[in-house]
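The chains carry the letters A, B, C and D, assigned in the order they are written, with residues numbered from 1 in each.
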């Protein structure tokens, strides 16, 4: 299915701004016609992706990170990306994660989204790519 | 005063997405500690800037436009920008505007923000730059 | 948030009442314009806009009101704006439209 | 939205009750952690988390609960989670924490 629209936000790697990512996700999700529970899933998952990225980012990398909302008729693909850094296996494998909280975050993302990938790009950073499909295509309050 | 943080959103030039700009503005404003009426002013002004830019953009330019929120301790500078195009005098001078609605929009922005500029950049587009100052520096619910 | 429009005829006042619920903005104002224009075209009465549940209006929505006013004045009738909230009153004051419309708070 | 924390001692239940109002997220959980840790350190009672007004919790907030549980178990006391909303129940189910905590809906 063709992509219809794309929205991007770029936010500081600080705890206090994660709520803006959640808010935007919720607004995009509602425009696309996801139901309330699905919108909540998307909000929760995007927050966990932001937390993961903020917490695995080296202190000296204080560039903003980006969230891309790619809107299709039947699905939403959200990409949370940092232009620097790489994920280590440590950081993305639930089974051998030492950090309890990160493990919880990954469990949550996996359970709430239909598809999740952690991707490292040589020299140009890393991203968490999550897909949520619309099971029944409904009319949102817009789009 | 030094800039603290910067947030950016990039949105399709379509009517249905202006509400996302309003929502983000309201969230940033509340984090900065603006009061409810000031937050409303910012929301209303940013929407008028988006409307102006969408409506003066040539049909063939359907790239996303960008909104930058530059957060200072004592003020918020919002830049609504399009990477293509130029404003004509027609479009930005309230007194000889033929289009009634655009005139209203400019009146509103001028009244609600402390400082407003329309800027054309040779070959790299145009922007509306608006400043809202915090009269009393308060603690927001974050930042 | 979207816009809902309720309309009904009030016999006592011999006026059509339109009640916009939600937001009249760049996205919803085309629909608002269509409804208002239809009511003005099909009737010979005043039109009351009941703004008690209008949360937000932008310049495109104000433009619809102005264009409605022009059409209704041709029939020697009027648009009356009722029960507006302070945030919307503020916009009418800023734009000078408080002097153009009959506004009751 | 921010987080407000109410805490009081309940004599009947011989337990401290903490009531988080709002959101326990990456921004507010450090403060939640401090409050919970202090209560556990200073008392020898169970702790009830009254979640009737907890709208949202993320992994950092769940982490605070887990770390509190570890500390309170060293004193042979427990954390009881009460009145949770469905969206938060769902997260406890997903993470398996429903089996680790005493959860009353």
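Keep in mind that, in the parts below, contacts are C-beta pairs under 8 Å (C-beta built on N, C-alpha and C of every residue); 3 or more make two chains touch, one makes a residue touch a chain.
Note that the structure is predicted; figures quoted are calculated from it, not measured.
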Graph separation of chain A and chain D (steps between touching chains): 1
Chain at maximum distance from chain B, centres defined as averaged CA atoms: D
Chain centre separation (chain C, chain D; CA means) in Å: 50
Distance from chain D to chain B - Cα centre to Cα centre, in angstrom: 41
Centroid spacing, where centroids are CA-atom means, of chain B and chain C in whole angstrom: 26
Chain C, residues touching no fewer than two other chains: 1, 27
Per-residue overlap in chain B, given as positions that touch at least 2 other chains: 16, 19, 142
Chain A-touching residues of chain D, taken from the complex the two chains share: 1, 23, 25-27, 56, 58-60, 62-63, 66-67, 87, 91, 94-97
Residue ranges of chain A in contact with chain D within the complex: 15-16, 18-19, 40, 44, 47-48, 50-51, 54, 100-102, 104-105, 107-108, 111-112
Residue numbers on chain B that touch chain A, as the complex places them: 5-12, 14, 16-17, 19-20, 23-24, 27-28, 31, 64, 142-143
